[in-house]
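After this come two complexes, each holding chain A, first together with chain B and then together with chain C.
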Partner chain A sequence: MKQVWRTIAVILAISAGILVLLGYFFDLSAWGLDSVRQVILRWALILAAVALWVGAGNLVRVHWRKMVSRQDGGGYSLVTLASLALTLVVIVVSGPNGKMSQWVFNHVQIPVETSLLALLAIVLIYASIRVMRRRLNPFAIALFLTVIILLLGATNWMGMEASKFSMLREWILAVPVTAGARGVLLGIALGTIATGVRILVGFERPYEE
Partner chain B sequence: MSFIELNRVGIAGLLFVLAFAAGFLSLLGSGKKLSRDRLRTIPAFSRLEKALYQATEGGKCIHISPGRGGLFNLPGAATLAGLRFLKGIYLSAGLSDRPPIVSSGEPFVDILSTEAVEEIQRAHDARHIPGEPASQLTGLTPFSFAGGALSAVAGQDVTANVFAGHFGSEIGLMIDAADPSGAQVFASSENFAAQAVLSATVEDPILGEELFSAGAYLQGEPDVLASMLIEDIARWSLALVILGGIVLRYLGVI
Partner chain C sequence: MAEQDCPICGQANPEKSETCQKCGANLYWAEIEPGEVISPLANKSPQEQDEARILPGIEDSLPAVPAAFTEPSAPVHPYRLMVSETQKNYVALLEKMTHPDQIQPADLQAAAVRKPRYLLLVWGILLVGILSFSLFWDELQVGIPPIPAEVLAVNRSISKIPAGAPVLVAVDFQPAYTAEMEMASEAVIDQLVAQGTNLVFMSTIPTGFWQAEHLIQKIKADRDLVESAPVNPNYYNLGFISGGALGLANFVNEPYQFIEAQLPTESSASTAGQSASLGNVTSINDFSVIFVLTEDPDTARDWLEQVQPHLRRTPLMMILSAQAEPMVRPYLEMQPAKIQGMLVGIAGGVQYESLSNQVQTARENWTASVLGNILGGLVLGVALTAFLVFQRWNPPAAPAAKEKKP
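What follows is the complex of A and B.
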């Protein structure tokens, strides 16, 4: 019986995948399949919303366990759970676009994330130096010099623009960076197609038990 | 872009996908023996295999994160690649005394990670700590995910951290947190910002399409090996088309 359900799941998944894929290339409304495709996409969105609740449940479970078992950082888990509960109450009372909800977002969420982003800049410089000390090769030196040139090219020195660095910066961004980025993008696109094809022909089954 | 042009592009795209699928299926159906021994060496995968062995032998654990990509759009493929990493690593190191710790930053990824881990645990009767979730969702925004994962990343018993999937620049915080404990870091993402961070902060980053080759390098799975071979053919074909286009444009033909 399990095998039958497994086969049905594979057939459904592959059919849905092929239908959605064809919708990107052809107008399926002539065959009356566009509405089916829209329904599948809508189901995916509903499932995403349900998954969010499941995820929030997992978050609560993980932090509750940390707090109750008095693990290291259990205090942070208490703060996390209290914040989650408080935010939930505010959004239920005020509505997702309400004044209080916006206040929480603008005065708590954004400042905290921005602070971490600022911290990231320092962390990256420190981590780069650390890796360069361990891995001093021509690529690392090229990376270091490129960063210096890009920073100099983007900075005004006492009101004066470093025009030569600025021109060099523009050339680096327009030629080697674009060429390298397109090469990487091509590889990722091919990897993505390969993953999609493996799913569509049933070799990769993330949905199967 | 007119409708006819759009349709041409669409049909060309569909033909490319169909040709890819046909090549993949015919290669698998041909019975040609595909072996991971013939793959080029990627230093990070060689180091990762050693790290998995050391973790199993030394009673230490590995922290794995398939990221926060979800299943929609481009990050979806990176997420699935990350889950391949997760399965490959869990099959190697999950049967030891200290099962790997899994963290993610997106509900779908969390559900799929949990399912993958529990499936392996059931199939191999592996040890798991009662009540401990198979996967931890540490946050739902990029930095809350990174912040929540820091305790797992910097854990005393963690000997290696594997980040494979969709990440943004917040991956830099997690990589930095791994340094004080001396844990090794293996990281890969399809995202440009994350790849830039990895290039600057990780000794052997897994870049570009290498993210999608975990199944081949870690487990030698025939379908991944076959798709990698077709990917190589497609890459060379596209490079030739691009170069041909440049020459024809230079000659004024197109």
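What follows is the complex of A and C.
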């Protein structure tokens, strides 16, 4: 029986995948399959939204256990759960478009996240200097030289119309960076195609796990 | 004659058999067990472990000495594998090549040396001090970077949009990037508002709804400050569309489904003209232009893969964080281009503000941004020079014993 259900799952997954894929290349409305494709896409959308709730539920479960079992950092779990509950209450009472919901976003979320990101400016430079102390091989030197050129070449400074740093920066962005980015993008594309094909032919069955 | 049992099926096999007579398992490989992994810092105190990190006090930060916490497994040479000494040496050489960061006792000792934490404090004060200084010294102004073709293309496209035309704006950046992204995009959105276009905001991240409201309220507040007759922005906020790339694929197919869901309840766009204008949006190509505001190259790629192929005459424009530029620029430079215009970071905002002459948010912060870059570059340059000189005069100690060549 288990084998039968497994076979049905494989057939459904492969059919749905191929149908959605074909929609990118052909007009499926001639065969009346376009509406089926739309329905599948809508289901995926709903499932993705449900996954957010599952994620939130898992967050609550993990932090609740951590708090109840008095593990290290249990206090942080309490803060996390209290923040979640408070935000949920505010959004339910005020509505997603309400002023209170917007207030929480403007006065809590943006300042907290922005401040954490701002610390990177300080921490990354400090960490770079520490890496220099520990390991200064040719690759590290090339990395740091590139960072220095990109930082100093961000603008035409000290009154120079086109500083050497700016020209070097432009070259780095235009040649090595673009070449590397294109390589990465090609790699991503090939990897995506390979994974897609493996799922479409049934070699990979993530839905069985 | 001694026998050996198959570890898989238990079948007794003659000694020195390579495979099991019953199940065919390889009798050499089946018995190999992973080598025991011993962290060199396992016996160290938490304080010593902490001090071996690049950022003392931050538990998840990288070790100052690579592989200080998780040394690669020790070489495993089961006698049943019957490898020769030469082969063992090859394996050791291969492991050394694939784990160049393998820790040495001397490195461990160096890692345990107390780190100069005052350096972080000094650097922090220096950075904050100089940046604050630039905010109060109005005369200190740095030049505007040259305006590239992609920024001019954005300006040309916006100039052609008639009043009342629908414009799609995807607010797809995380709240942490609010400052940079709003400085990059404010002049563009402000010009669209000034021209009386119908803005349709949407997002593929959960906080996108509030992010769009934050952006539009900021523009409204800035306009209220400088204009005697403030403009009331015409906009719809479709909010969060779940599913990432799949959500976009769905949106492209039936955008009006999403707009229609907002029409009865959205009070921001209450006039009949606006509703009629958006009521005509039945296809993604009915938008005059599409702007994607993002800091994430993957999100930009989702738009390029799911939406761009469906566009016939509607230009796709990107407003990006500086960190996303390298991965997105190839799409701008390819032939034919997948992106018709692009602004990048605070520099992009400054460039666009110099064209539109409306808001000056990015311009006001440009000097501080440039000073921060220059300061960071100079500090790293001085440090790199100092360490190179130091290394030149105090070269690292040579290995104690030269390894025998395999």
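One rule holds for everything that comes next: the second predicted complex is superposed on the first by the 183 of 209 C-alpha atoms of A that agree within 3 Å, B and C clash if a C-alpha of one lies under 4 Å from a C-alpha of the other, contacts with A are read in each partner's own complex, and residues count from 1 in each chain.
What we mean here is this: contacts are C-beta pairs under 8 Å (C-beta built on N, C-alpha and C of every residue); 3 or more make two chains touch, one makes a residue touch a chain.
In this text the structure is predicted, and so the values were computed from the model without any measurement.
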With the two complexes superposed on chain A, say which partner A:Leu143 touches: chain B (first), chain C (second), both, or neither.
-> first
Which partner does A:Phe26 contact after superposing on A: first (chain B), second (chain C), both, neither?
-> first
Touching partner for A:Gly187 - first (chain B), second (chain C), both, neither | first
Please work out whether A:Val54 is in contact with chain B alone, chain C alone, both, or neither, and reply first, second, both or neither.
-> first
Should A:Leu173 be classified as contacting the first partner (chain B), the second (chain C), both, or neither?
-> second
Please indicate which partner A:Arg65 is in contact with in the superposed arrangement: first for chain B, second for chain C, both, or neither.
-> first
Does the superposition put A:Leu200 against chain B (first), chain C (second), both, or neither?
-> first
Contacts of A:Val123 with chain B and chain C, given as first, second, both or neither | both
Can A:Leu12 be said to touch chain B (first), chain C (second), both, or neither?
-> neither
Same chain A residues contacting chain B and chain C, which ones?
-> 24, 44, 48, 52, 109, 113, 116-117, 123, 126-128, 130-131, 134-135, 147, 181, 184, 188
Given the complex with chain B, which residues does chain A contribute to the contact?
-> 21-22, 24-26, 44, 48, 51-56, 58-59, 61-62, 65, 72-73, 80, 109, 112-113, 116-117, 119-120, 123-124, 126-128, 130-131, 134-135, 143, 147, 181, 183-184, 186-188, 190-201, 203-204, 206, 209
Chain A - residues contacting chain C, complex | 24, 38, 41-42, 44-45, 48-49, 52, 96-97, 101-102, 105-106, 109-110, 113-114, 116-117, 121-123, 125-136, 141, 144-145, 147-152, 154-157, 159, 173, 177-178, 180-182, 184-185, 188
Tell me, which parts of chain B touch chain A in their complex?
-> 10-11, 13-14, 16-17, 20-21, 24-25, 70, 72, 74, 77, 80-81, 83, 106-108, 110-112, 114-116, 119, 131-133, 135-144, 146-148, 151, 169-170, 172-173, 175-176, 179, 190, 192, 195, 197, 199-203, 207-209, 211-213, 223-224, 227-228, 230-231, 234-235, 238
Okay, in this complex, where on chain C does chain A touch?
-> 54-55, 61-62, 64-66, 110-111, 115, 119-120, 123-124, 127, 142-143, 145-146, 174-179, 206-207, 209-211, 213-214, 237, 239, 241-244, 246-247, 249-250, 253-254, 301, 309, 325-327, 329-330, 333, 347, 369-370, 372-374, 376-381, 383-384, 387-388, 391
